[in-house]
Amino acid sequence: MILRIDRWGTELPPPSDPDPAGAQAVQELMGGRFGEMSTLMNYTFQSFNFRGRQKARPFYDLIANIAAEEFGHIELVAATINSMLTGASPIDDGRAPKASLSDVKGIGNPHHFLAGGQGALPQDSRGNPWTGDYVFSSGDLVEDLTHNFFLETGARNNKLKVYEMVDHPAARALTGYLLVRGGVHQVAYARALEWLTGANLSKMFPTPRIPTDKIPECQPHIQQGLHRKLYRFSPSDYQELIAVWNGPHPETGEPLEVEQGPPEGAPPVDLPPQPAVFAPDYAPEEIAQIAQRLRQQAGLPEEPTGEVAEGPSALGRMAGKLTP
Amino acid sequence: MILRIDRWGTELPPPSDPDPAGAQAVQELMGGRFGEMSTLMNYTFQSFNFRGRQKARPFYDLIANIAAEEFGHIELVAATINSMLTGASPIDDGRAPKASLSDVKGIGNPHHFLAGGQGALPQDSRGNPWTGDYVFSSGDLVEDLTHNFFLETGARNNKLKVYEMVDHPAARALTGYLLVRGGVHQVAYARALEWLTGANLSKMFPTPRIPTDKIPECQPHIQQGLHRKLYRFSPSDYQELIAVWNGPHPETGEPLEVEQGPPEGAPPVDLPPQPAVFAPDYAPEEIAQIAQRLRQQAGLPEEPTGEVAEGPSALGRMAGKLTP
Amino acid sequence: MILRIDRWGTELPPPSDPDPAGAQAVQELMGGRFGEMSTLMNYTFQSFNFRGRQKARPFYDLIANIAAEEFGHIELVAATINSMLTGASPIDDGRAPKASLSDVKGIGNPHHFLAGGQGALPQDSRGNPWTGDYVFSSGDLVEDLTHNFFLETGARNNKLKVYEMVDHPAARALTGYLLVRGGVHQVAYARALEWLTGANLSKMFPTPRIPTDKIPECQPHIQQGLHRKLYRFSPSDYQELIAVWNGPHPETGEPLEVEQGPPEGAPPVDLPPQPAVFAPDYAPEEIAQIAQRLRQQAGLPEEPTGEVAEGPSALGRMAGKLTP
Amino acid sequence: MILRIDRWGTELPPPSDPDPAGAQAVQELMGGRFGEMSTLMNYTFQSFNFRGRQKARPFYDLIANIAAEEFGHIELVAATINSMLTGASPIDDGRAPKASLSDVKGIGNPHHFLAGGQGALPQDSRGNPWTGDYVFSSGDLVEDLTHNFFLETGARNNKLKVYEMVDHPAARALTGYLLVRGGVHQVAYARALEWLTGANLSKMFPTPRIPTDKIPECQPHIQQGLHRKLYRFSPSDYQELIAVWNGPHPETGEPLEVEQGPPEGAPPVDLPPQPAVFAPDYAPEEIAQIAQRLRQQAGLPEEPTGEVAEGPSALGRMAGKLTP
Amino acid sequence: MILRIDRWGTELPPPSDPDPAGAQAVQELMGGRFGEMSTLMNYTFQSFNFRGRQKARPFYDLIANIAAEEFGHIELVAATINSMLTGASPIDDGRAPKASLSDVKGIGNPHHFLAGGQGALPQDSRGNPWTGDYVFSSGDLVEDLTHNFFLETGARNNKLKVYEMVDHPAARALTGYLLVRGGVHQVAYARALEWLTGANLSKMFPTPRIPTDKIPECQPHIQQGLHRKLYRFSPSDYQELIAVWNGPHPETGEPLEVEQGPPEGAPPVDLPPQPAVFAPDYAPEEIAQIAQRLRQQAGLPEEPTGEVAEGPSALGRMAGKLTP
Amino acid sequence: MILRIDRWGTELPPPSDPDPAGAQAVQELMGGRFGEMSTLMNYTFQSFNFRGRQKARPFYDLIANIAAEEFGHIELVAATINSMLTGASPIDDGRAPKASLSDVKGIGNPHHFLAGGQGALPQDSRGNPWTGDYVFSSGDLVEDLTHNFFLETGARNNKLKVYEMVDHPAARALTGYLLVRGGVHQVAYARALEWLTGANLSKMFPTPRIPTDKIPECQPHIQQGLHRKLYRFSPSDYQELIAVWNGPHPETGEPLEVEQGPPEGAPPVDLPPQPAVFAPDYAPEEIAQIAQRLRQQAGLPEEPTGEVAEGPSALGRMAGKLTP
């Protein structure tokens, strides 16, 4: 089972200029073979299917716990895509019969507008859906870990290339964070393989052969030590991470550490309605009125109980201009 | 973000006679269009993409929170499949070059053995992978809820049919539980639509038109009131479920209630190694030795820290006989 | 536009012993690359996309008109599959929680029961869905016709093999009819190519190299001359078929003839409910009562206005026994 | 069986400026999950697979008859796409080795030119093929109708968004018509569910929550009452539509009516050859000569017997300029 | 470019009892994610796309040359499947209208009979087609090699499991050979990574953790030293293999050696016609007569010039009995 | 088995201006239904599966031998795509964190950059992967040849259209060559069908109806007689091609001839590193140093043993400017 926390693992900038072509590229990090859907689901299935887990507990805990972090990563990729699509039709307006989507005809992934509500989808940069055949869960611990090390390597490759292709602030903030955190997972699987086989995979770092600290957007996270911390994403379980996650970081030599609990993170940005795509409705104020009435009936306080990032002024400044 | 709890949402029986053909059928509840991967990912993406969530908070909380429960459901489906595959090759033995898989040639989904380690996969009953194109996230709240009501209806259909097709104890325990819990979600989405549109969808229950309480395996859960409880799967968030989840249950008239927190659940069964498929290894005792050494180095207690269900005696009685 | 006639192109036997494994094989004729979905959709799209049709009218009429017949062929394949699946769960009974589908666990295409209501689906014999990528519509008349000749050749191959694999009476009646009618289309496209290129494709018949009249189930249709008749499936259009469809039949030398209108055909069999799969409902009598009330309100006659084949006695004799 | 009428359900404008990027978007209405291929094939298979149809005749007639109208809708979507692609290479010219397709490199769906002859394909806006897995045919009448209501809701969403994205005259004429006619089907399935369950689904209209009459291009059809008419697409069958299709329209309160027969429609536009893509040939005049000779041999009149829209002058004015 | 040699890389036994269910399983080694189509195409594309190859020649030569061997491996997998399917319909007989395929209804992959001529297809054990998305060609040498090492590990896993599942003599001969040769490739990629990164991947062998020499069918090949030989599959190129392929074998410590040229191999078995599936024709003797006439016209010798294995007597003993 | 020759079948120009949108289109010739992957794999599987080959030797030799040439064709398509992608990021530079891929955001197939290293992939122009379901291997010789003739016809269509769409020098050189060589295969299969059936398929040439010699880029190859030569791609096998490949060319009447051996071809171009996509590494000089050391250890000569085309000066002139 999981508990869900309505916060993001890191802060992302509020929406700025829309960038649907960039959002199309970022989809690779969501639904591509090496995207976060793949890391989430590979580790999740491997943890479900782990036989003899009690006798191999540290390895089980490692995989199961990293799976939990990956949920937060698909959340961040989605948030980034959503942010980049915001304003691609007029904010809070653009109701049909206006031709509010004519500017995005032929730009980016058409499903962002025709299927979705200017929102993220489980597809890759080509618009092809993520598929369960991306999951490798052989049940053989050494093979699964070998796969996971390779998967994280491919993921790091893709993040670096998306970084180079998309300079939208949200995409840069995303890739900066994911490079650091994915790097932790890459090290974790290499480390587990080292314990199991004796092969010194640490020597393969960094791969691709660019040190993470060369990426400016990684720096704030590195300075907070996030490149050497493995969070324990559970109220009480997965205590044995420390049996695997210890020793020196293969790139920096600093000590690897387990952090007991999730990152503090940041409240999510509440993105504005896009009535042209009926999100959350053609007339969002109707939804709001009904919601408010239901809240009152249920004795809830006047203000919504959930926390979101402050940001209306930033959104207010958006000119809604599309620069594909 | 999520926190993961290493417990199952409900108790499942320990492995008994293997049933790979049954496991193939149960896969529909995992990776089929209406399987738990679909409910999990539909609600997850809808929650990620929810625009103007602050003003529509009760509906956002509903979708985001049900998404969290669905993770526990893919966990249970996987556990069931894994249990049904256990013993299909000799328990704790069957190492190559023995022909330990010759009995399952032509039985069930060959990927359970050739790709996986007698374990669950994100595929449907045909062996076709789950695909991201099963996700509907239009951003239009009323449409998304209409979809979700339909999705849960299709899911209930599939659970009932799997119930009729597979009488393995694990499958029956699974479908009994999922029918009750999926029924809650079906009602929840109908209820949300009622609030938003005024259409009295409660009149459509039960659909398919068989009352849940006719299924014997649902009875224990109904008697505990699980058919009218919506769990809040979060330490602190999604407080506004009560604004939507209230009033009478459409079938029984009993009051709908929000439970503050997840179900107590049950510890997972630690399934035995299947060396014929190298799960967790061709020689599992090697893994165990390394794990034990690492645990000691890390100062962990002698016994594994994680809790699993008692069950060795039950497993010990397994004859490993395959009755497809 | 089309008008629909609620009759089958030929008579099919009433349900007899169920044969789900056979139904799985017959699906190749529905949703396989060379199945009737493919012939229907290839010719339909080619007719939609035909440029300069007015100056090439006889060829346009030929393709557009054969497309119309193919609709009747997917109807017949579906009817055959439905017939073969009838009785695989108890007729008019088998309501959950009975294990009414346990006999078909591991037999045939699981989607026939789990996704469908013991009914046909647009899938092939592997359970893979028909895909739009099976459509070839290049716009080049000679190429499209070359494709169509090849498509009909592959279709004839598949029909013959399904004939050899499945000896269920419904499957034999189906393949006997389709071999004759598909043979007409194969000749028609060869003939069109002959007119356009001068290549004497008639010399390639029969291909595969078994004369149609060797198949006993083809004989009744051959004796009625169906192997040399092209029906005109339109109240008033496609008058120019005769410009292409004339001359001697390549196998028999008999004259090719256009029949002005569709075949008389036969009324469809009204298949009995299968409550185990909720078709048409868990409690079909409820549907019947509502329908009857609506009919009365609308001033319709006491008896249903639609014609179906007589067959209750035959159905009554069905033991519902499954012989996979 | 079907009869085919060589007319379009409504009039579409003759080709004007080519718009391949718009044509790519319109493909969503053809081969997308909610496109017309999906409505056609869902209702067709549901009608094929309807068990106990005689006792539920009004519902069977409803589904079977709407299926028939949907054929006319894929025809109109194809015609629109074909029109929008016309002129994207030089009309009646552009023979290789000219670089006649260089202007469309990187514009729209490359298959419109490389695979097709500037013609429609069974693909969606991403260029992904329509798949049989889009068909839901559970056999359970209430579930199938629930699906169909949802399907039409998603289809209406997609039509509105394509309207907003593509302002080409052909696309606007298409979406204006389909919104009205699809709206009828959406009401029809809601109405059927109301009769069967008592749930007042009419309250959910319009969904998406924009009244159809806000769309200018819908107005001519609304003024002719097309939003409340269900055509009976059969010479003699499906007489029991009136048992379901009656009462007030959920949006306007006007009475719902059955029209006995198809709409008069309009003759199709005969689109000009595009020799750059060999449609209908590299040298279309060769095809025309052969056709004329065959027509004479067959004793057909001098002029083609099929009717097409007048339009050469309009086509003559086309500058063939591409404005992507 | 390639030159083709009409010999198999190793000897396979002549057809014995047919085993279509086994053939279905062996397809995983052809068209599965880790099948020989994948190894062939991954290395082929990596060699095509190798940038700066002149300066990295030994690595380029390694990948390009192993690609060449993989062609011989898909050939052997196909030969095995074909052999296992031989006799599943009557040898040299079974012409329609006989029900010659009724024994294989519901057995194995239906496409082996309905689509193919009792022959291999580029599909996996589920009947799902091989896809180009299985190819990883990042252009980054270290990543490509990491992938290749993982790919060969997964391939070894699959071969071992097919070995355990299918005890047909042809399947055993195949897997025995492929385990040895694939093992060479697994070592080769590990070795290349060792040179490039310094990580001692040799410590990971064997993976899966069963020594190859435990498999009896590997013994003949090991005794010939095939586990430590890398063949150079080129008349004159790929001379620099020796720069990477040297040093001790990670399991046995024996020296790795380059063999200049391909293995001698064995002539292919000429499998008998299966007229039930029209292979090579419904009436194979017609083909033979035409071929003989053409050979004479061309001045070719009386006997075919190509060499095939002696085997008629073995084939003559086949009872054609099917033991699924 | 195959031997590989490290030469291209024909000369291609060195990289000039990058053209990623053109490269996207050229992918149709690689991974499309009618691309070279399809011709390669269709003929390869047909040759593997050929039953009774000894008695039908000339036809077996024909198919097996053409398969061998097709390998050289996928090599040329890949080389063309690679050439067209060269320079799309800065040559020999562009290391992250530079935004070196921002110019190709939204241009062409994103997988060329995000998944690949500016290199070819087994995908079509839509970015959809090649699939094994494109392979037709029925085992029936006449049907397989009919398919092959149709496949080559579709391939010729696609080559001509890519020619018209992409005027990049590499694409023109490629299509010029492939049109001539694919034309040979189209004739070969027609010829084989003529021998087997007596149908004079030669009358269908050219199809599409544009003579190959109208394409200027075909002229050099026609002048060398390549349109009438069938190369024998084997050191010693496939001697019986001459029994089928003889007589007059259907378009020119010139005699068809078998060439004993492969074309001389040309050395491949060694494309420069693209460090932005880590091809062959983020720091290619590291790879070069290691390679050089290994070469020395192995006693290889100072200079690489493999031959590549001269071309540094040409590459040096590249401004790296992107003109999409």
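Letters are used for the chains, namely A, B, C, D, E and F, taken in the order the chains are written, and counting of residues starts over at 1 for each.
The definition used in the following text is that contacts are C-beta pairs under 8 Å (C-beta built on N, C-alpha and C of every residue); 3 or more make two chains touch, one makes a residue touch a chain.
This one's a predicted model, so the numbers in the text were calculated from it and none came from an experiment.
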Separation of subunit C from subunit F in touching-chain steps, minimised, is 1
I want to confirm something about subunit B and subunit C. Since they are copies of the same sequence, is their interface symmetric in residue numbering (over half shared, so same) or not (under half, so different)?
different
Subunit B-subunit F separation of Cα centroids, rounded to whole Å:
48
Distance in whole angstrom between the CA centres of subunit E and subunit F is 24
Averaged-CA centre spacing for the pair subunit D and subunit A, given as whole angstrom
39
Which positions in subunit F are in touch with at least two other chains?
33, 115, 126-128, 133, 138, 140, 142-143, 157, 208-209, 277-278, 281-282
Line, ring, star, complete or other: which describes how these chains touch one another?
other
Return all touching chain pairs.
A-B, A-D, A-E, A-F, B-C, B-D, B-E, C-D, C-E, C-F, D-F, E-F
How about subunit C: which of its residues touch subunit B in the complex?
89, 94-102, 104-106, 109-111, 113-115, 126-128, 276-278, 281-283, 286
Under the definition above, what is the set of subunit F residues touching subunit D in their complex?
21-22, 24-25, 28, 32-33, 107-108, 125-128, 157-158, 160-167, 208-210, 214-217, 324
In the complex, subunit F residues that touch subunit C
33, 128, 133, 136, 138, 140, 142-143, 146-147, 149-150, 153-154, 157, 193, 197-204, 207-209
Contact footprint of subunit A on subunit B as seen in their complex
1-9, 31, 37, 41, 44-45, 48-61, 64-65, 67-69, 71-72, 74-75, 78-79, 82, 115-123, 129-133, 135, 137-143, 195-196, 233-240, 242-244, 246, 262-263, 265, 270-274, 277-282, 284, 287-288, 290-292, 294-295, 297-300, 304-306, 308
